[in-house]
Amino acid sequence: MALPAKNTLAVTFVQNTYMSHLVNEFNDYRTKMNEVILSKNNLVMKRLWNLDTNTYEAGAIDTKTKEMLGLVASMVLRCDDCIKYHLGKSFEQGVTTEQVYEIFAVANIVGGTIVIPHTRRAAEYWEELSK
Amino acid sequence: MALPAKNTLAVTFVQNTYMSHLVNEFNDYRTKMNEVILSKNNLVMKRLWNLDTNTYEAGAIDTKTKEMLGLVASMVLRCDDCIKYHLGKSFEQGVTTEQVYEIFAVANIVGGTIVIPHTRRAAEYWEELSK
Amino acid sequence: MALPAKNTLAVTFVQNTYMSHLVNEFNDYRTKMNEVILSKNNLVMKRLWNLDTNTYEAGAIDTKTKEMLGLVASMVLRCDDCIKYHLGKSFEQGVTTEQVYEIFAVANIVGGTIVIPHTRRAAEYWEELSK
Amino acid sequence: MALPAKNTLAVTFVQNTYMSHLVNEFNDYRTKMNEVILSKNNLVMKRLWNLDTNTYEAGAIDTKTKEMLGLVASMVLRCDDCIKYHLGKSFEQGVTTEQVYEIFAVANIVGGTIVIPHTRRAAEYWEELSK
Amino acid sequence: MALPAKNTLAVTFVQNTYMSHLVNEFNDYRTKMNEVILSKNNLVMKRLWNLDTNTYEAGAIDTKTKEMLGLVASMVLRCDDCIKYHLGKSFEQGVTTEQVYEIFAVANIVGGTIVIPHTRRAAEYWEELSK
Amino acid sequence: MALPAKNTLAVTFVQNTYMSHLVNEFNDYRTKMNEVILSKNNLVMKRLWNLDTNTYEAGAIDTKTKEMLGLVASMVLRCDDCIKYHLGKSFEQGVTTEQVYEIFAVANIVGGTIVIPHTRRAAEYWEELSK
C-alpha cells in the first residue's frame, strides 16, 4: 500500500494534535484544580470523591454499564465536564460509537432538545477519543 | 409443605391488595390521562410518544440496559412518575433488587442528597412490584 | 329539546362538583398560605409578588401571550402549581384547547419526556377549567 | 391567671394533633423507608448518608448556619422533603421566624417565582413546628 | 449628508465583522456538529430533530409566538445555545427589541436571578443580530 | 530578609496580572452588559435588580451569612457567573478559605458530583481573589 501523500500526513498530524489538545486540556485542568481542592483538606469533599470512585466499581452491575449510567445521567443534567469524563471512561471500557449514540438518544428523549447543544459537544469529544 | 395459617393468608391478601393499589393507581391515572391527551390529536405529542417507545427498543444496547438508563435519568431529574414507569419496566426485564440499588447509588452520587426523597418513594414502589 | 334524564343530571352535578373541587382546592390553599406568608412582612417577598403581577401586564406583548409564556416556562421547569396558575389565567384570557396543546407540545419537545407526567396533570386541570 | 375556656383547649388540642400529624407523617415515612433502603446493604448509599450527617457538623461554620445553607439549597432545588428536614433542624437550632423568611427571600430571588409553591408548603410546615 | 469620517467607517467595519463573528461562530459549529451527529444514522435522533422542526410550524399558534415560547423556555432552562437559536429565529420573525426584553423579564421573574448571566449573553447576541 | 530573586518577582507579577485578568474579565463583561440591558428601560428587569440588592442587605440575618446563602444556592443551581459574584462578595465580607470549602462541601453533598466541575472553577476564582 502506498504511503499517504505529505499533505495528508500533515493534516492528520494537526488533527491528532488538536484532538489530544481537547482531551488533554480537559484532563490537565481537572487534575490541576483537583489538587488545589484536595490541598485544603476538607474531609467531606475528600470522602465524596472516594465514594464517587466506589460507585462505578463492578458489583451487581458491571463497570461498563455503570459508566453508561453515569454518562446518561450527566447528559440529562447537562454537565459538559461530567459528560467528557464519562465519555473517556466509556471509551476505555469499550463502549462502541453505535452504543454511545443510543445513550445520546435516551438522554435527548428524556431530557428534551435542550440536551442537543451538549450532545454536539459530546459528539465532538467522542470523535477525538475515537481517532 | 404445610399451608400458611389463616392469619398469614389474610395479611398477604391485604398486602397484595395494597401493593396492587399503589401500582394500579399509577397505571390507571396514566392510562386515563394519556387517553385524554391523545384525544386532542396534537401531532407533535403523538409522534413524541411513538419516539419514546422506539428509544427503548433493543439496538446496539439491549432493552434491559436501556431501561436502566431510563431509570437513572429519571432519578437524577427527580421525576417520580418517570421513576415508577421505568421501575415497572425494569422489573419486567428481570433487573434484580441488588442492581436497582446500584442504580439508586449512581443517581444519589451524581444528583446528590436531593435525590434521597425520590429514592424513598422508588424503594417503596419497588417493594410493591417485588411482592 | 328533551331534558336530560335524572341520572345524567346527577352525574353532571357530581362532575361539576369534583371539578370545582380540584380548581377550588388549588385556589383555597394558595390564598390561605399567601396570607400566612404576607403576614410576616418580609419586604423582599412582598415586592417580588408585586413584580410578578407587573410582569404579565400588557406591554409590547399582550397579556394573553404573556400568560402563554408563563405557562410554557412553568411546564419546562416542571412546577405543577405554577402550571395550574397559568392554565387558569390562560383560560380567562381565552386561550383555546388547541392552543394549550401546542404549548404542551413545545414544552414536551424542549423539556423532554420528563414533562409528560406534568402534562397529564395539566390536561386534567384544563378539562376541569373547560367544563 | 385564669385557665383557658374548654373550647379553646379543644381547639388547641386539635391543632396540636394536626400539627404533630404533618410533622409526624413526614418523620414516620422517612424513618420507615430509610430502614427499607439501609436493609439492602448498598455500601455507597450507607456511606453517602454518613457523609450527609458529617456535612452539617460544626466546623469553620457552625451547625446553625450550615442548616440555613442546607435549607436555602433545598429551596432553590425545590425539594419539599429536603426543605421539611432542614426546617426541622433549623427549628431545633433556634433559627427565628424572621430569619426563616429571609432565607425564603434569598431562595425566591435566586430561584424565581417557581419557588413560591414550595415556599407555601414550607411556611405551612414552619407554622406547625412553631406552634 | 456628509460621509462618516474614515475612523468611524473602520470602527463600524470591525464591529460588523465581530458581530458576524459571534453569530457565524454559533451557526458554523452548530452545522458542523449536526452533520457529525446525523452521519451516525441514529433514527431516534433524526426523528427528534424532524419533530423539533414540526413543533414551531404555524398551527393554532403562529410561528412568531411559538418562537417566543421556545425562547422563554430556553431561558428558564438556562441553555445558552438554545437561546441563541431562538433569538435568531425571533429576529427573522420580526420580534422587536422591546418584545425580546419583555420575554427576558418573564424568564428572569419565573426563573430567578440565576437567569441574569444568560440574559447578559442573550442581550449581547441580540445586539449583534440587530446591527 | 533577602529580596526575592528577579525571576520570582517576574512570576509573581505575571500571576497577579493573570489573577486580576480573571476577576477583571468577569467584572468588565458584567458591567458592560448590565449597561446594555438597563439602557432598554424594561421596568421589571430594573426592579428585579434593585430587589436583588435589597435581598442581601443586613436584616435578621447579617450580610456575610446572606452572601454564604447566595453562594451555596448558586452552586447547587450550577451558575458559574453567580458563583463568581457571590465569591467576590464573600471575600469582601471576610469569609475564610476554610469556610468557603465548607460551603463547597454542602453544595456538593446536596447537589451531587455534577457540582464538582463548578467547584473546580470556583476554587480557581477563589485562589485569584485570595492572592
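To keep things simple, chains are lettered A, B, C, D, E and F as they appear, and every chain counts its residues starting from 1.
One rule holds for everything that comes next: contacts are C-beta pairs under 8 Å (C-beta built on N, C-alpha and C of every residue); 3 or more make two chains touch, one makes a residue touch a chain.
What you are looking at is a predicted structure, and each value in this text was computed from that prediction instead of being measured.
Chemist: If you apply the touch rule, which chains end up adjacent to both subunit A and subunit F?
Modeler: Neighbours common to subunit A and subunit F are B, C, D, E.
Chemist: Once the contact rule is applied, which chains count as partners of both subunit B and subunit D?
Modeler: A, C, E, F
Chemist: Between chain pairs B-C and D-E, which one is joined by a greater number of C-beta pairs in contact?
Modeler: By number of C-beta pairs in contact, B-C is the larger.
Chemist: Where subunit B and subunit F touch, do the two copies share over half of their residue numbers, giving same, or under half, giving different?
Modeler: Same, since most residue numbers here occur in both copies.
Chemist: Among all other chains, pick the one whose mean CA position is farthest from the mean CA position of subunit D.
Modeler: Taking each chain's C-alpha mean as its centre, the farthest from subunit D is E.
Chemist: For the interface formed by A-E, which of the candidate pairs B-F, A-F or A-B is equivalent, sharing more than half of the contact pairs by residue number?
Modeler: The pair repeating the interface of A-E is A-F.
Chemist: Distance between subunit C and subunit F based on Cα centroids, please, to the nearest Å.
Modeler: Chain centres of subunit C and subunit F, defined by C-alpha means, are spaced 38 Å apart.
Chemist: Can you check how far apart subunit E and subunit F are, centre to centre, with Cα atoms defining each centre and the answer in Å?
Modeler: The mean C-alpha positions of subunit E and subunit F differ by 28 Å.
Chemist: What are the residue numbers in subunit E that touch two or more other chains?
Modeler: 44, 48, 51-52, 55, 74, 76-77, 82, 98, 101-102, 105, 108-111, 113-114
Chemist: With chains as vertices and touches as edges, which is it: line, ring, star, complete or other?
Modeler: complete
Chemist: In the complex of these two chains, what residues of subunit D are touching subunit B?
Modeler: Touching subunit B from subunit D are residues 29-30, 33-34, 36-37, 40, 42, 44-45, 48, 52, 74, 77, 79-82.
Chemist: Taking the touch rule as given, give the residues of subunit F at its contact with subunit A in the complex, in rising order.
Modeler: Result: residues 78, 97-98, 101-102, 104-105, 108-109, 113-114, 116-117, 119-121, 123-124, 127 of subunit F touch subunit A.
Chemist: Within their complex, state which residues of subunit D touch subunit F.
Modeler: Residue positions touching the partner: 51-52, 55-56, 59-61, 65-66, 68-70, 72-77, 82, 96, 98-99, 101-103, 105-107, 109-111.
Chemist: Using the touch definition up top, name the residues of subunit E that touch subunit B in the complex.
Modeler: For this pair, the touching residues of subunit E are 43-44, 47-48, 51, 54-55.
Chemist: Sort out for me which residues of subunit E touch subunit D in the complex.
Modeler: On the subunit E side, the touching residues are 76, 108-115.
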